């Protein structure tokens, strides 16, 4: 199996009889093998979602022709679709502030080839993060958000664009993204919030959780939108706590949730397993 | 080991050096064996909590004298305390509405001697619940909440008092307790709410969860207070869901959380493992 | 949506390009809507598994013709397959011994229409179980295994056959099924074993777990085969324990695992979500 | 609160009435505050275990005198005991082979001050691990186990002794410790095995799990003894898998279990929360 010929096909469109037949016939005709297939029809909206991992044979049909010919089917069924070759890697920028656990967790998973992407840069408003970028021989950009927040975000935008970034990961980056950036990079900015949303939106969620006396804490990986902590949820994780846990203990236990929810959410995103529908996500998890 | 001589001692008071020494010396002097011991000091308030399971020997000291003599220590340390003999069982009334899964779950656990209490009656605003009370040969009271809600709660109060009830369990009872009853039976009314509070307070939490697109649903067992769904949390449980779960699927998966959170919470309460501190609980779980 | 026209199609066969196309084309041609679809290709054996929930229109094609016509595709691809109408319910017999928690759990889930089947009888070697069958107005058969085990199994077989039983659930039934019965009812007998297999095969698994000092206990729902506790695993569940848990505490905590693993496993089986491959299962969970 | 004056007292001895009283009286008399207290009596052996976190006042009594005076109580009750000052840190050596996820996970937790110890060296039989030791400015020792295993273990022992090591962590170190070393460093060598023991002892546990078709995989943190993978279990963690998970997917998901079980187990050990009883552990978790 030549992985260079591996493709991911994602489709969303109104559900209709004959849809799966048309797609699978097209693939069979062009000798494309289906490695993995997932469908979902939202029963409320009658909207159809599909993800295929598949293998094409360039001697039968070129990638360009495959795309061109699929356009006819796509138009007929009014599809939002994409065919992505596995060999083209997503360019990712990591943003951090003061806490390094999510940053180093992602860096090490990437180093171990668990995350299928190209990390192009690390950006932080705290210089202590530079060390970690250096370890993995990545460019580091320090941006100061204290003096002029607006200028800082302009600088951030420039760095993001300079790398042709596909995905921006807020690995415990504690600055609130302005609306314009949320719009511009819609469904491209992934945040980890340190509570099981919608509980404890905003600042100091572990303190909020401590005050409320909950018995479970959590973390939520979601796309960033203009509404703070209200974007489409990709993944959540929780951990059991007790009365004997101080806020500091909750922070420690919560870090585990943050790391795993972010790592799973990011992996789903990079492997085109996440499809956004309104303010919700369809996740074709593996 | 004669279980008739088993006692539970619970204490809460300001923390002081010598507190544990005074209590354990008193017990040793009277030949009381400690079977299980738990302490907790809240670091914020410097409040001390203790629970002992212990065995006394009536030939050395009577239960009455044990209580009388402990009063001196208790007053010296300004304790809120109780010594409860295991053989005196908590009288419990179960309240239900239309859904029977929590009701029958508790009834069967009680039947299997997993819950150390005397269930004295089942009350419901739906007559379909009578069958389940009959199975376990328990008195059943149907109270109609449709015509006159205030009269219904008066009737409910009378039934509760007629049985000298210690604990009232709202096993998916869908009527909101009036403030006066919440006050009167403070920390005696246990509710199961079908969300991981503080998310999705109030009506139709599974519909709220569906709308928000969360990846985890849950249930919360808590003491009922005048503030809806805001009382001290005793136990919580969660379950993983996905985009393919309809509201009906969430209801089904959530029932598991409701049953186990309520069963654990009620057991903790009956075994004097729950100590309330402000709007939070200390749980000496086993 | 007329649920009487709902069908489940399950397929397993060698994987080939064009397989999905052929099936989906056939369905589209006959105006059958796909409600839910799952595929899986085992990468080791290149074996293909599929499950469709779908809706047919009797005015377009009859159920009989749908079956007849599908036979051509099935033969061409060497499929093992079945099209099952949702309205034809699986006939289930429940077997129990002395412990009632799994038995009553299944009975109540069935009563609440969570399990899509017809429970036709309860069989037990302890008479105390009769009460529970009566509650749900089900026939009860007491079979004595003490005097003559072989005769008892003959009697058991007769009862099973008298009800045209499709599925036999061993709800903590503590007699070991003889090889002949395992063969005869292959992949029709579902057992719940009270350990996370393959740990603690055989008798008294909680005692074995206590001796070994594990920190997690569990339960395993599996098909019964001639090899004790070694059949294909359908579902597993675990619970955290600590040094303070006695064997009795482990039994109590383990019951939760047993109930939920068995309930989920049985539901998967009844909804044709389980496909056996060698000694392993493919589970198209919802 | 001067943390330099924080102590941990651990005790194990036969249970007797008056034991807790004697200890707590001694502490009160010397003005030692109890910050956290845990007891456990094993009901089978009537053995008593205790752990106290406490604060002493050097102006009232010196650390040396506290120890000396406690000896009288300890002898009277035949205690195995220790009073450890928090400021004296455990010296830890990390051993790894080819997989780096556990090694870097521990290193980063230590760097974030989550693990209360002094990591003194990293040893590995693969040179690729040197990089990670360098990042954290730790000495690295490469030992070759291919040519002469016995000589390699002699060299290993020398390195361990050269650092006055208290705790040896096998962070996916794939060489089997010889009996003599197991004896010499009894309850000082912590291993992470990549299965939920006692399932899948020995080599390639994920392959074994794949073959058996389990629905849960796990990891076990335990003390190393001469019996392979049979030492006292400290902590276990599991993860849900499905038929669609290849061995490689299981390896990836299992790494999460390995990291968290090892990190928790090691933390318990370093904070004197683990007490060994026969082949089992009492864990006073926080």
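Some observations on this one:
Should a chain be cited, it is by its letter among A, B, C and D, assigned in written order, with residues numbered from 1 in that chain.
The rule is simple: a residue touches a chain if its C-beta (ideal position, glycine included) is under 8 Å from a C-beta of that chain, and two chains touch if they have at least 3 such contacts.
On a predicted model such as this, the values are computed, not experimentally measured, just so you know.
Superposition of chain C on chain D using C-alpha atoms only gives a rotation of 180 degrees, nearest 5. Interface comparison, A-B versus B-C: the higher number of contacting C-beta pairs is recorded for A-B.
Inter-chain centre distance (chain A to chain B, centres taken as mean C-alpha positions): 42 Å. Distance from the chain B centre to the chain C centre is 36 Å, each centre being the mean of its Cα atoms. Shown for chain A are the residues in touch with two or more other chains, namely 36, 244.
Taken chain by chain, the contacts link every pair, so each chain touches all the others. Considering their complex, residues 40, 42-43, 196-200, 212-216, 218, 232-236, 238, 242-244, 246, 277, 279-283, 285 of chain D touch chain C. Considering their complex, residues 36, 100-101, 104-105, 108, 112, 114, 135, 244-245, 249, 252, 256, 260, 286 of chain D touch chain A. By the touch criterion given at the top, residues 17-18, 20-22, 24-25, 27-29, 31-39, 41 of chain D touch chain B in their complex.
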